[in-house]
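Okay, so chain A shows up in both of these, paired with chain B first and chain C after.
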Partner chain A sequence: MLKILIPTLMLFPTTWLATPKWLWTTTTAQALIIATASLTLLNWSSETGWTSTNPYLGTDPLSTPLLVLTCWLLPLMILASQNHISPEPVSRQRTYITLLVSLQLFLIMAFGATEIILFYIMFETTLIPTLIIITRWGNQTERLNAGTYFLFYTLAGSLPLLVALLILQKEMGSLSMLIIQYMQPAPLCTWADKIWWAACLIAFLVKMPLYGVHLWLPKAHVEAPVAGSMVLAAVLLKLGGYGMMRMIIMLEPASKNLAYPFIILALWGIIMTGSICLRQTDLKSLIAYSSVSHMGLVVAGILIQTPWGFTGAIILMIAHGLASSALFCLANTNYERLHSRTLLLARGMQAILPLMAAWWFIANLANLALPPLPNLMGELIIITSMFNWSSWTIILTGTGTLITASYSLYMYLMTQRGPVTTLITAIEPSHTREHLLMALHLIPIIMLTLKPELMWGWCF
Partner chain B sequence: MAARLVRIFPACSRVQLGSMPGARFLSQTPSPGAAGSPAGCVLSPADRNDSHGHVEVSCPFFSPQNRDFHGFHKEPQVDVWNMKVAFFFGISVALVIGGTFVHYLPDHGMRQWARQEAERLIKEREAKGITVLDCNYYDPSKIILPPAGDEE
Partner chain C sequence: MADYRDAPLASRPKTLDPAEYFAVSPAKRKAEEERAAIRAQLKRQFQLQLNDPRRVTTIEDPALTRWTYARVSNVYPTFRPTPKNSLLGAVCGIAPLLFWYFVFKTDRDRKEKLIQEGTIERPFQLSS
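Now for the complex of A and B:
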C-alpha cells in the first residue's frame, strides 16, 4: 500500500512546485506511474482473503479492483480537466489538482482500510473535496443546490452509520474487518436491532444510490465539472457498494427479511430511472440516471447475499465505473465546444467528428452491456442470481436490460446520427488528448474481458 | 455540408445560440463565470461588430500558426511533449507493460490449482475405489464425544 500512498502524497509537492508550463505534464506522468504501480496489488496468489503487512491497511480481492480503478482514474481526470481549467490562474489550477489528488488519497485509504471506522472516516472525508469541486468549479448556478443535496443526503445517511458502528464496537469489541468476518452475527430480534440493521446500510444505500434516495445524484453529476462527474460516477458510487459488501457480512441472518423492501426498490429503480433516461433532454442528466439504473442492479445483487450476487456486483461496479466515466468525458467534449448539454443541440456529430463518433459508439455499446464486455458479465451474473432468489425478478431485470439498451441507443442516435444541427457553424476538431482519454477508458474494459478473474472477488 | 467545409479552417467560432428565440439551451448564468471560458473559443467584444458583416473570433490555440494543436497546452512545444509523455506513460507503460505484468501474474486466487487438484483427487479416489466425496470431513467413528450426562 505504501508504494501507492507515498507517491500519491508526493503529488502534492509536484503540484505546487512544478513550473506552470509543465504542471499538467508532470502531474499526468506521476499519476500514470502510480496507476501502473497499483497494478501490483492485483497479485492474489493465495486462497486467503486479506493481504496486508500491517493491521491497518490491507487489500483483499474485493478492494483490489476498486483500488486499481481509483488509481487509474486520477490521470484520466487530470487529462480530462486540462483544457477547461487552463485559462484559469495557475494557483487555481494547482488547487484544482490538489483537490483531485486529495480525493484520490482519501479513496485509497478508504478502500485499503481494514478497520471500519477508518473506512467511515475516509468515506466522509471524500465528501469535502468533491463538494468543493462541484460548488467552486461547476458551470451553472444550480451547482450550489447540487452541492447541498450531495452533502446533506450523504451526511444524513451516514450519521446513523456512525452510531451503528459505535454500538457494534461496544458489542463486538473490535471493528477490524479481519476479525468481524469470523464473529458470530448477533440475532436481531428487537425493534432497536432492526433499526441498527437499517442504520448500518442506509449510508451506503444513499451513496449507491438506491432509487428512493437518489435525487442528489443527477444534480451532483450534472453540475460537477468533468473530473467531478468522472470520479463521482466511477469511484464514489462504488464506495457505497464496497461499504455495503463489508457490512452485510455481519448483518446476517436478519437481512433475509429486512432486505426485501430495498431489493424491490432497487429493482423498481432500474426500470424507473431507465425510463427517465428515455425522456431526458440533458445529456449529462441522461448519463447520471443511467448510473442510478446500473447501481440499482448492483444493490440488488449485494442485498441477496449470494456468492454470484457479490461477484456480479463487483464486476458491474468496475465495468460501469469505466464506461460511465467514458460517457461523461464524451459529454464534456460536446460541452466544451457548444457550452450546452442539450441533446438536441449536438445532433449528427458523426458527420462532423467521425473519430469521436467511434468512441461514442464503443462507450454506448459498453453501457448497454454488449457481450463480451464485462458490463454484460456483471449484469448477467446478477440477473441469474436474482432469478435463483426469486423467479419473478426476471420480469424487472429483463425489462431493465431492454430499457438500458433503448436509452443507450437513444443517446448514441441523438448525438451522432440524424441531421446536423444548423446552428452549429464551426466546431473545433477533436484533440489528441480527447482521443487518448477515451482510449485509456475503453481499452481497459476490453482488456478486462480477457482476464475477468481479477474482478471476481473472493466468492467465486 | 457547411459544417464540414468550415471544419477545414482552423478557426473556430462560438455557436450562434442567441438566434434561437425562446430556447433555453444554456444555463441560467449569463456567462461562464467561475470556470472561465474553455480554451480555444473566445469571442472578444471588440470583434463582434466587424466591418465585413460576420464575426471574427480569436482562437489562441487552434490557429494557422498552431495547426498541430493536441489539446494539452497553448505553447506548441509543451503541447507536443505533454502528448508524448501522456501517451508513453498511459499506453506504453500502464497498458502494455502493466497489462503484460497482469497477464503473467500467478494463478489468481488459486482457481486453476483448485480445479486441477479436484480432478487429481477424483482420479485418485476412483482408482482406489473409495467414495469421491463424503459429507463428513472427519471419520465419524474416530470422533469421541463426551457422555450426554456431563452437560452443565
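Now for the complex of A and C:
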C-alpha cells in the first residue's frame, strides 16, 4: 500500500515545485506511474483474502478493482483538465491539481481501510475537495446550489452512520473489517435495532444514489468541471457501493425483511431515471441520470446479498465508472468548443469531427451494455440474481435495459447524427490529448472483457 | 390574378388569397411594415455576425437560451401543485412502489412457505 501512498503524497511537492512549463507533463507522468504501480495490487497472494496489509490499510479482491480504478483515473483527470484550466494563473492551476491529488489520496485510504471508522472518516473527507472543485471551478451560477445539495445530502445521510458505527464499536469491541466478518449476527428485533440497521446503510444509499435521495447527483455532476464530474461518476458513487458491501455482511438476518423498500426504490428508480434521460435538455444531465439508473441496478444487486448479486455489482461499478467518465469527457469536448451543454446545439458532430464520433459511438455502446463488454456482464449477472430472488423483477429490470438502450442511442443520435446546427461555423479540430483521454478510458473496458476475474471480487 | 379557388381538402395559402393584396386597411399595412422592419433588423444582426471574419464564438440564439433556461433552471418556481399533476406524481411515483412491494412480498412469502413445507424443488445451483 505504501508504494502507492507515498508517491501520491509526493505529488504535492511535484505540483508546487515543477516549473510552469512542465507542470502538467510531470504531474500526469507521475500519476501514470502511480497507476501502473497500483496494478501490482492485483496480485492476491494470501489465502485469507486480505493482502498488502499494514495495521491500518489492506486490500482484498473487493477493494482492489476500485483502488486500481481510482489510481487510473487521476492521470485521466489531469489530462482532461489541462485545456480549461490553462487560462488561469499558475498558482491556481497548482491549487486545482493539489485538490485532485488530495481527493485521490483520501480515496486510496478509503478503499484501503481495514477499520470501518477509517473508512468513514475518509468517506467524509473526500467531500471537501469535491465541494471546493464544484463550487470554485464550476461554470454556471447554479454551482453554489449544487455544492450545497451535494454536501448536505451526503452529510445528513452519514451522521447517523457515525452514531451507528460508535454503537457497533461499543457492542463488538472492534470495527476492523477482518474481525467483523466473523461476528455473531445480531437478532435486530427492537425498533432501535431497525433504526440502527437503517442508519448503517442510509449514508451509502444517498451516495450511490438510491432513487428517492438522488437529487444531489444531477446538480453536482452538471455543475462540476470535467475532472470533478469524472471523479464523481467514476469513483465517489462507488464509495457508496463499497461501503454497503462491507457493512451489509454484518447486518444479516434483518436485511431479509428490511431491505424491501430500498430494493423496490432502486428497481423503480432504474425505470424512472431512465425515462427522465429521454427528456433532458442538458447533455451532462442526461449522463448524470444514466449514472443514477445504473447505480440503481447495483444497489438492488447488493441488497439481495447473494454471491452473484455482489459479483454483478462490482463488475457493473467498475465498468460503469470507466464508461460514465468517458461520456463526461466527451461532453466536455463539446462544452469546450461551444460553451453550452444544450443537446440541441451540438448536432451532426459526426460530419465535423468524425474521429470523435467513433469514440462517442464506443462510449455509448458501453453505456447501453453491449456484449461482450463488462457493462453487460455486470448487468446480466445482477438481472439473473434478481430473477432468482423474485421472478417478477424481470419486468422491471428488462424494461430498464430497454430504456437504457433507448436513451444511449438517443444521446448518440442527437449529438452525432442529423443536420449540423447552422449556428456553428467554426469548431476546433480534436486535440490528440482528447483522443488519448478517450483511448485510455475505453481500452481498459475492452481489455477487462478478456479478464473479468480481476473484477469478480471475493464471491468467486 | 388568376382565379384560385379553395379545394375541398386544401385551403388557399395566404400568398394566393387576393384579399391579402387588394383592399388592405392602412393600419394593417403599417403594422405589417413594422413587423417586416424588425425582421429585417434581426436578419441583419444575424448576417453581420455570420460573416464577421474575426468571430470565433458560436452565434448566440436568444430563443434557445430562453428555452434552455425555462426547461432547466426555471422548473420549480413555475410549478404549482394541481390535481392533475398531483395525481400523476402519485400514480408514477408512489403507487408503483406500493404495488411492487406487495408483488415481491407475496411472491417471496409464497416461496418461503413452500420451502418450509418442503414441497418446492430446488436443484443445486452453484450460482444464485
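FYI, the second predicted complex is superposed on the first by the 455 of 460 C-alpha atoms of A that agree within 3 Å, B and C clash if a C-alpha of one lies under 4 Å from a C-alpha of the other, contacts with A are read in each partner's own complex, and residues count from 1 in each chain.
Simple rule for what comes next: a residue touches a chain if its C-beta (ideal position, glycine included) is under 8 Å from a C-beta of that chain, and two chains touch if they have at least 3 such contacts.
Note that the coordinates shown come from a computational prediction; the quantities given were computed from them, not determined experimentally.
S.K.: Would you check which partner chain A:L396 touches, where first means chain B only, second means chain C only, and both and neither mean what they say?
M.R.: second
S.K.: Thinking of the overlay built on chain A, is A:P307 touched by chain B (first), by chain C (second), by both, or by neither?
M.R.: The second partner, chain C, only.
S.K.: Is A:Y260 contacted by the first partner chain B, the second partner chain C, both or neither?
M.R.: second
S.K.: Taking the superposition on A as described, I'd like to know which of chain B and chain C A:I249 touches: first, second, both or neither.
M.R.: A:I249: touches no partner chain.
S.K.: Please indicate which partner A:I128 is in contact with in the superposed arrangement: first for chain B, second for chain C, both, or neither.
M.R.: Neither partner.
S.K.: Can A:I424 be said to touch chain B (first), chain C (second), both, or neither?
M.R.: A:I424 contacts both chain B and chain C.
S.K.: May I ask you to name which of chain B and chain C touches more residues of chain A?
M.R.: B
S.K.: Going by the contact rule set out at the top, does A:L345 touch chain B (first), chain C (second), both, or neither?
M.R.: A:L345 contacts both chain B and chain C.
S.K.: Between chain B and chain C, whom does A:H84 touch in the aligned arrangement: first, second, both, or neither?
M.R.: first
S.K.: Just checking: does A:E142 make contact with chain B only, chain C only, both, or neither of them? Give me first, second, both or neither.
M.R.: both
S.K.: Can you give me the overlap between the chain B contact set and the chain C contact set on chain A?
M.R.: Shared contact residues on chain A (touching chain B in one complex, chain C in the other): 142, 338-340, 342, 345, 423-426.
S.K.: Can you list the residues on chain A that touch chain C in the complex?
M.R.: Chain A reaches chain C through residues 142, 260-261, 263-265, 267-268, 272, 281-282, 285, 306-308, 338-340, 342, 344-345, 384-385, 388-393, 396, 423-426.
S.K.: Using the touch rule from the top, collect the residues of chain A that touch chain B in their complex.
M.R.: Checking each residue of chain A against chain B gives 21-22, 24-25, 28-29, 32-33, 35-36, 39-40, 42-47, 61, 72, 75, 79, 82-88, 136-142, 225, 336-340, 342, 345, 351-352, 420, 423-429, 431-434, 436, 439-440, 443-444, 447, 451, 453-454, 456, 458, 460.
S.K.: In the complex of these two chains, what residues of chain C are touching chain A?
M.R.: 50, 55-61, 64, 67-68, 71-73, 92-93, 96-97, 100-101, 103-105, 107-108, 111, 125, 127-128
S.K.: Over in the complex, which chain B residues touch chain A? Could you list them?
M.R.: 2-4, 6-7, 9, 11-17, 19-20, 25-29, 32, 34-41, 59, 62, 69-75, 78, 81-83, 85-87, 89-91, 93-95, 97-99, 101-103, 105-111, 114
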